[in-house]
Amino acid sequence: MGTINGKDFIKRLNELENEIWYDGGKIKGEISEHPAFKGILKAKASLYDLQNDPDLKEEMTFLLPDKEEPIGLSYLQPKTKEDLKRRRKMMEYWARFTHGMMGRSPDYMNTAIMSFASSASLLEGRKNCFPENIQSLYERAIEQDLSFTHTFITPQVNRSQDYLGFSEQPISAKVIDRNEKGIIIKGARLLATQGGLTDEVLVITAPRSFFDPDEAFAFSIPSNTIGLKFICRESFVGGESSFNHPLSSRYEEMDSIVVFDNVLVPWDQVFYYDNVEAAIDFMNLSSFHTFAYHQVVTRQIVKTEFILGVAQLLVKTINVSEYQHIQEKLSEIIIGLETMKALLEKSENDAEIDQWGYMRPSMIPLQVASSIFPRIYPRFSEIIQLIGACGMVSLPTERAFDSEIRAELDQYLQADSWTAEDRVKIFRLAWDLTMSSFGTRQTQYERYFFGDPIRLSSNLYRNYIQDKHVGEIHKFLNLKIK
Amino acid sequence: MGTINGKDFIKRLNELENEIWYDGGKIKGEISEHPAFKGILKAKASLYDLQNDPDLKEEMTFLLPDKEEPIGLSYLQPKTKEDLKRRRKMMEYWARFTHGMMGRSPDYMNTAIMSFASSASLLEGRKNCFPENIQSLYERAIEQDLSFTHTFITPQVNRSQDYLGFSEQPISAKVIDRNEKGIIIKGARLLATQGGLTDEVLVITAPRSFFDPDEAFAFSIPSNTIGLKFICRESFVGGESSFNHPLSSRYEEMDSIVVFDNVLVPWDQVFYYDNVEAAIDFMNLSSFHTFAYHQVVTRQIVKTEFILGVAQLLVKTINVSEYQHIQEKLSEIIIGLETMKALLEKSENDAEIDQWGYMRPSMIPLQVASSIFPRIYPRFSEIIQLIGACGMVSLPTERAFDSEIRAELDQYLQADSWTAEDRVKIFRLAWDLTMSSFGTRQTQYERYFFGDPIRLSSNLYRNYIQDKHVGEIHKFLNLKIK
Amino acid sequence: MGTINGKDFIKRLNELENEIWYDGGKIKGEISEHPAFKGILKAKASLYDLQNDPDLKEEMTFLLPDKEEPIGLSYLQPKTKEDLKRRRKMMEYWARFTHGMMGRSPDYMNTAIMSFASSASLLEGRKNCFPENIQSLYERAIEQDLSFTHTFITPQVNRSQDYLGFSEQPISAKVIDRNEKGIIIKGARLLATQGGLTDEVLVITAPRSFFDPDEAFAFSIPSNTIGLKFICRESFVGGESSFNHPLSSRYEEMDSIVVFDNVLVPWDQVFYYDNVEAAIDFMNLSSFHTFAYHQVVTRQIVKTEFILGVAQLLVKTINVSEYQHIQEKLSEIIIGLETMKALLEKSENDAEIDQWGYMRPSMIPLQVASSIFPRIYPRFSEIIQLIGACGMVSLPTERAFDSEIRAELDQYLQADSWTAEDRVKIFRLAWDLTMSSFGTRQTQYERYFFGDPIRLSSNLYRNYIQDKHVGEIHKFLNLKIK
Amino acid sequence: MGTINGKDFIKRLNELENEIWYDGGKIKGEISEHPAFKGILKAKASLYDLQNDPDLKEEMTFLLPDKEEPIGLSYLQPKTKEDLKRRRKMMEYWARFTHGMMGRSPDYMNTAIMSFASSASLLEGRKNCFPENIQSLYERAIEQDLSFTHTFITPQVNRSQDYLGFSEQPISAKVIDRNEKGIIIKGARLLATQGGLTDEVLVITAPRSFFDPDEAFAFSIPSNTIGLKFICRESFVGGESSFNHPLSSRYEEMDSIVVFDNVLVPWDQVFYYDNVEAAIDFMNLSSFHTFAYHQVVTRQIVKTEFILGVAQLLVKTINVSEYQHIQEKLSEIIIGLETMKALLEKSENDAEIDQWGYMRPSMIPLQVASSIFPRIYPRFSEIIQLIGACGMVSLPTERAFDSEIRAELDQYLQADSWTAEDRVKIFRLAWDLTMSSFGTRQTQYERYFFGDPIRLSSNLYRNYIQDKHVGEIHKFLNLKIK
């Protein structure tokens, strides 16, 4: 079948009738018409449409020797640096279409599935491991252009360093039984972005200090599997008006808690289970992190370009570009943007063929970018608030411009080169980006995308090979180990 | 009449029928029942009730020799350091009752009116100045326990340094005519917090580089004066549930643009007009800033105590108090709190009798506190976000706890020493304080309470007398001026 | 005998002939004439002279009922808040005389001895404790106006968290024997400031995680005790010219390693030994920390005034006071200064009588000040470097002004209101304060005065009672402990 | 003649007998034997030797078609990206040999001369411009492998924004006469690094707001030209022992004030004069900045590697690598290093052929790197101080290890895997790098290498083309310019 379009995506999702709980009720009827989800689903559908746009087909898809239909390029297993750059361009294209605001754009999860398939050999011949199921998932995903979400985070009763996480009834999702049909999962996972809004859910555990074998598993199942429930948080859609809420009305993705109520995962969908060592190896040695970082950094760069555009437009609207402290703030965004771009490019230039024959970007520049972004993104948000100042909290709504008092708004809210209406639009965008519930969730999202920033720093330090630099000092000082 | 209670306040306000525009419509019916205003009005009414609480009367009111009824203590003109401390305790009491979240609590504006009356002599005998009108406002305010808002900020078509602000039709509110009845005002002011929710509006212009005499005025008029319109921004009330939105359901104050549509200000309500020099002197030399800062810093300290409580409760909920970086973050809040407290106390200890016989707090410690708070408050907000981490964006609503899936929430969201419900309450409070539209508006509000932080720094530098310290170096180096 | 003067101090010190090692040689002859020590000893002598200045005697000394001679006020055991303020003024006086640059000014150690005596009862009746020896030290110190240094830090072979510090031969100083004459100490201590430049050395151990009973001791011995050696670091005296090195030529204090080569401490000089619990109690419960912090914060405030003077003079010299970023930098120093002053004052206002009847300043404000200063002092140093910019590294010497090229210097280095010579003096002071080896050692000294800043934060967090603030949230959210 | 070796360099310099004033005296005898200069000259000589090392000749030199002798590669005019990378490798090689500590390594100035020659056509046919003299300087430099310094900064009597810099007698160097032989220069320039230690001085004026035509000139003259004087600051050589002062004993470069005492610059050495527009164009449009930044960023990367080595060695010496805050600090250095490397590489990848046919690196990534480094370098210095803590200020000297007390040092200063001597060596290096007068001058040097960081930010903001990003927002919001 190959690439789907937006309509296919919506139709298939509506038919799944996933069990989604929202504000105390189970969602009934077409999910694509629900106020909390219609915006994001429409935005996502538009991405699928791009794949079928005749002008873009070349850039958004590729052909496999044995298939007639073009396939979404995010499924391409790269073998050359050219492939990597081609992948990046496709991701930029999708990210630009949604201004980098969609964390779970299809390429993110397609990339994950592709990287799994490209590293499946790692599991070959190991106990309780089924690499062939990864390969068949990859083929199924390509064939049907499936959408996915995934979920990593375990519920945190207690984050104390000494806490082992034991409790009578499972809290964190775990294997509670195995039978001839498959494994039975009970428990929960926190925070699946777009949980319930995709065809399937990829479930995989991140290794922890005390790794319970019952939690060492990975699989992918349809979102409408019996016993699978998605419990949503409050929606951050501010309203339907794209004048009032230009971003949240389009890009609010929703996060949900995933509950496994004795879910049966059939054997042919299990990648591995009951094998702590394999679970650790797969997370550490597969190309998953590398390709995921490559996609994320690409999206974050596009988002930063969007932020720079908003900041600069704000500066021009109130005519403050000659202030030195404004110039310094804007230059901070420019520095962040150019730094991210240089690191991404370096990761591609230094890419190397991995043990399974795929071209893998260099990890260190991507890790550096991923250590930088969680710090600069909140600062960018702050910079926009500092430029907008009081103007951010006195913004009338779309309807005010449709009412009797419009003349007054036109007169009193006008800007140098903009009408009052356009000025309010610009400020509302700045507000929605940084100060609405949607905007602050974006900040938190970027802050924690790849986990605790403190742990990211520690990992970077530990992975970085410093022997050469230390060796230089040994030589310079003529030191002798005792 | 003396102090009113909450019911009096609500009744009087409802009867005023101020012209308030909200989301494109003029508000009709009782303002106290409108979803956007009911929470804040109820909270404010409860403050007035405190004045009449028999247990607190002593601390919340004082007696004037010639009046029988007790008067709200915020109207007390302090003559001793004891008076200052008494005022502070009253302000703390009110602030604690609303956790420091209400910027326009009655004591803020009462203090302003009191300081105006205490400095009115400054205007004696000057052209176009009517100090007697200030005194009679003060008496009227005391008599009827009036509520006020004020508005400083002018619309900013253009913030360029070279922009003079001329336009054919007035944009910034100005005197466009004078007749036998009074002065006629046309134009707008930005950002009156609680605009339309008070008995009167105090209008006064902050001196600017290019100060148009037509803008050099001050007066107070009833909020329902003909031609006076309040145009609201979007409401940040998240909803009526205090479980879901513990703060915004109670403390969202609303900010509005104030439009003067040929408003007649009768002569006996004008304090001064057409006198640039008097306008500048009154802002610089009256006790207004000093007493206003004294009230604001008191409230900010109470708010910081609330923040510390939330932060510490969050830390305990997820059991992370042993992490060094958590301890450092909490100690940052403690340092901020204790610093603000020490500065406030110093301003009282160093208070001096001013030229009109009133005990005025020392300004430098208050200026220092006001330079610090706009920097530390946003950091406190960030600290709470950093402690809450992913937990901040996966919070179910009150109704979810009233539904079939409650058992699942109870199991999967429980904390070490809290039920799932209490844990969600705690996190929702942390979220509403720092990440909701209400919370980010609080951040912006504290950032800009007394204006541009960069200007505050410059003022502090310019006002600070350094001769002694520079003189020490002259002596040490034995320097001679050329 | 009572207070000594500078001459007495120098004479007594020269006669001690302490064993001081400097740059590979044992110092011979009068220590007061040695280039590395003459500056600091002269500066210290001048402080002793102040005690005998007829104009200051009142402020610098006090009388004991049973003694005729006036006694240095730093020995006063405070019983009222007035006493505390009197002590502070005396400390300010001494600190101003040396611009806050002398860490081991006599009042620091006198205060320590005074606090020990005021808390000696804590040791009453405990095993291996001799509170009477503390009292007699206090009396001896008063009688002879003795000078002291002390040493806390143990050698750090290894700062790993798991390291227990065992080794065959003692590294850290410990009791290796006890006999009828006293205890025998062997091992080393790091970093005694002014080590060898005082009459006695107070040795006391700071409790550690793994506290060896052999290290749980305290005593004071004459600096010339047999077996006691002081090994100096390189001197940071830049030279004798006070034009070139206005600070290091006067205030370089020297730090030394103290080696105990089987030193006998006679029983009547031992305060306690072999009692881990008493050692911990004495450090935690005695008034030592409180009074020491009170002295240190007083000195740091004076130093900050000096820094503000230098910064402002630099700003005036190159005429940059109108730059907004300069104003912000200066206001940072002002904010730091006023904050420290407010905290110190609060510690005095909140002082309380302790269990032994002495007026003890409140600890929290002092702890806050001590958490702030290690962060702001390095920033102040940076601010001065940023103001001075390139001007800091192109400064000719005193002799250049005495040579043929003086005319050229006069012409090319002149400032707006200063001669070239004065301009160079001002910049050299700024350089010596922040960029010379002396200046950077000052920065490191203030950074670590009371130990690791990270530990200070943790302590502050742990000591701060937050129950009231947390309780408010419990009430607000109506929480119930599970 | 082509490349010289170290001996040639020293011999030629000694023969010049430049007029250098140091500490009030004119230097006599061989400059290469003077304690203040011998270290740096030896280090510089060793760089020249590398050019003649048979193993390196290939990498350090190139051949010109019409010359037999190999030429130093820093003179190569790059025409391909390969040339750029070849240049970078040569610069890395030299930088590594001196750990990035030598600001005026020969390649810096050779690059400047090369870029001047490559852009000389810009001056073709313009008034008072002599591009042919630039070309002949380039040829002379190649032929004789000349060494240079340059000087940009004008004396700053007054940095006020309004100050025009007029005075009766020239302060800033300017043309005071023109005659048949050449132009006569009188006045001064501040801060020529290695002033007097090179064959020639390149003098060129940076355009300023009020640009006096008499200051709009550029030329290169021998350092021993009559009337040319170099006035040195105090030397930061700590001493001859490379144990005690591993860096300053080798790399202290000296900065000097350059005085022009009616210096005649012969016509054939003048590049331009009396042409403000040409002077501005040459600084803005020539490839000087681009190639200079390319060299500087290369050197700064090598220096950062050195810093990372020192930091990591320090961490290992005291065994603190498991502390999270230490890991974070080290990762900060890693992030800085990798960011600089990625930006440098991007500048080469995005290089383009300029209008005169030379391959010019892309400027934006270099500008970004140059905005980052002045901020991170001081932080790196601080990080090393924070790791070293108290250990930084208790370091005995080389002679102490040669004396009787060596056994005590060996015992008490030993580290886990190092002898006391090696431990002290490591700490002394860390101290010399960050806390000695040499180290702090390095910090100031990197902070201001390309001028005021605030101005660098403003330039970056102004040069950065944002139209595309702003345009995206226009489209998204459907804005219309009024």
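Should a chain be cited, it is by its letter among A, B, C and D, assigned in written order, with residues numbered from 1 in that chain.
The definition used in the following text is that a contact is a pair of C-beta atoms (placed from the backbone, for glycine too) under 8 Å apart; a residue touches a chain by one contact, two chains touch by 3 or more.
Everything numeric in this text was worked out from a predicted model, so none of it was measured.
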| item | value |
| --- | --- |
| Maximum centroid distance from chain B, chain identifier (CA atoms) | D |
| Chain A-chain C separation of Cα centroids, rounded to whole Å | 53 |
| Between chain C and chain D, centroid-to-centroid distance (C-alpha), Å | 40 |
| Interface hub residues of chain A, defined as touching at least two other chains | 324-325, 414, 454 |
| Chain-level touch network, classified as line, ring, star, complete or other | complete |
| Residue ranges of chain B in contact with chain C within the complex | 96, 99, 246, 305-306, 308-310, 312-313, 316, 324, 327-328, 330-332, 334-335, 338-339, 341-343, 345-346, 349, 364-365, 368, 371-372, 414, 417-419, 422, 425-426, 429, 454, 457-458, 460-462, 464, 466, 468-474, 476-477, 479-482 |
| Chain A to chain C touching residues, read off their complex | 324-325 |
| Interface residues, chain C side, partner chain D - complex | 21, 23-25, 153, 155-161, 163, 169, 171, 187-188, 190-191, 229, 231-234, 238, 244, 255-257, 259, 261, 318-320, 322-323, 325, 378, 382, 385-386, 389-403, 405, 408-409, 411-416, 434-437, 439-441, 443-445, 447-448, 452, 454 |
